[in-house]
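A short worksheet on the structure shown next.
For reference, chains read A, B, C and D in written order, and residue numbers begin at 1 within each chain.
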């Protein structure tokens, strides 16, 4: 699974991208966030603040109950501020 | 009093502009329209159709009860269609 | 906020939309948003594909003096309602061909909503308040364009609560 | 009506608003209305005159791939909702200075309301749906710009009745 981080979440986690292989019981975006948070304190802190982290699966916005599977590209980022 | 006609009202009346000296009892735009219509059949026909002739006095839109006096510039025209 | 670039132009010559918009914000670093509307002569009336309604040329008649006065009032009203940094109205008169610009309105503001809303306001108000009349030349005789209820409705949405 | 000129560009280089708008309607005589919105880097945050909030530069981070996908979806949605003849979205990424353009959206239609509304729709939706993030450089440390409720509200007014 390819994980991507953007904006201040990227600087919090300390990397823009990583390959991970979560256990089989990680089946949703929410599961993945909890699993990633376990040994990424910056990520844990960010998702602890409500409403500041958004997710996308394969380049579409995804809620915490959205499924994830091996091979997916999953991105985490703050609310967008373009335009 | 300087009278101006625009767009199809100008072609109906057959002139773009004229100087007139209405009698003293012509004190409003409405009075002036009635007085002008007496010997201008194209103008009479146009003002006979409701809502198709607008007026301006000294380059501001004016309703029929708006006063007119010697020296005024009074214009008649159809609803505007610019932009 | 005082708008530092207010301009009204009523002219016969065509104009370059890009150059006019560039001038609006040239040398400035305080503008966050520019909205523009360009009206062009199009070669058909009503629905696209109607082959009985081709337009060969358009002639705009105007009331010199009153036109400039009304456009200045419309621009001043936009500046009262929104915090604009610049505004521009250019409107042509005379004969023009399909594809040519008729009118350009543009507004600049630190913020997007003010620029967008004031731009729509300018063109909606101009349509019902500026003394211009369109004469269309098609296949047959030239004909004066009728005013449209939809233009009155578009202008009405900008009416303030205390206006009748 | 099929739009014959749909374009999305995500690029690092600056662009010329006038040239882009000219290209939108070049050689065409069927377009009656072009609306555009340009977002520019401005040299201050919040209210004008706040001297403690100068902006020296802005860096736009984006999500390559997802950005293009979302912009194409937004443009397609505008074309579903309005009878557009042309539409254009250009959005930059990377570092830029005050006065430089960040984003341009433009739409063309036979009719004024469709051009104006779809232009506002494009920029409002883009603001809340396109994956870009702004990093401001001022006097001190660079800081990430917070998302604003007003942007969510602006986007919400374009929500269709059947959307939650």
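Note that in this section a contact is a pair of C-beta atoms (placed from the backbone, for glycine too) under 8 Å apart; a residue touches a chain by one contact, two chains touch by 3 or more.
Fair warning: this is a prediction, and the values are worked out from it, not measured in the lab.
Asker: Which chains sit in contact with both members of the pair chain A and chain C?
Answerer: Under the touch definition, chain A and chain C have D as mutual neighbours.
Asker: When the C-alpha atoms of chain A and chain D are each averaged to a single point, how far apart are the two points in Å?
Answerer: 26
Asker: From the mean C-alpha coordinate of chain B to that of chain D, what's the distance rounded to whole Å?
Answerer: 48
Asker: Just how far, in Å, is the C-alpha centre of chain D from the one of chain C?
Answerer: 22
Asker: Mind pulling the chain C residues that touch 2 or more other chains?
Answerer: In chain C, 39, 112, 123, 127 touch at least two other chains.
Asker: Send over the residues of chain B in touch with two or more other chains.
Answerer: Each of 83 in chain B touches at least two other chains.
Asker: Identify every two-chain combination in which the chains touch.
Answerer: The list of touching pairs comes to A-D, B-C, C-D.
Asker: For a test of understanding, state which residues of chain D touch chain A in their complex under the given definition.
Answerer: Touching chain A: residues 39, 60-63, 65-66, 69, 91, 102-103, 123, 126-135, 144-148, 151 of chain D.
Asker: Considering only the defined contacts, which chain C positions touch chain D in the complex?
Answerer: 1, 16-19, 21-22, 25, 27-44, 48, 97-99, 110, 112-113, 115-116, 119-120, 123, 127, 150, 154
Asker: Hey, which residues of chain B end up touching chain C in the complex?
Answerer: 4, 6-8, 10, 56, 59-61, 75, 77-83
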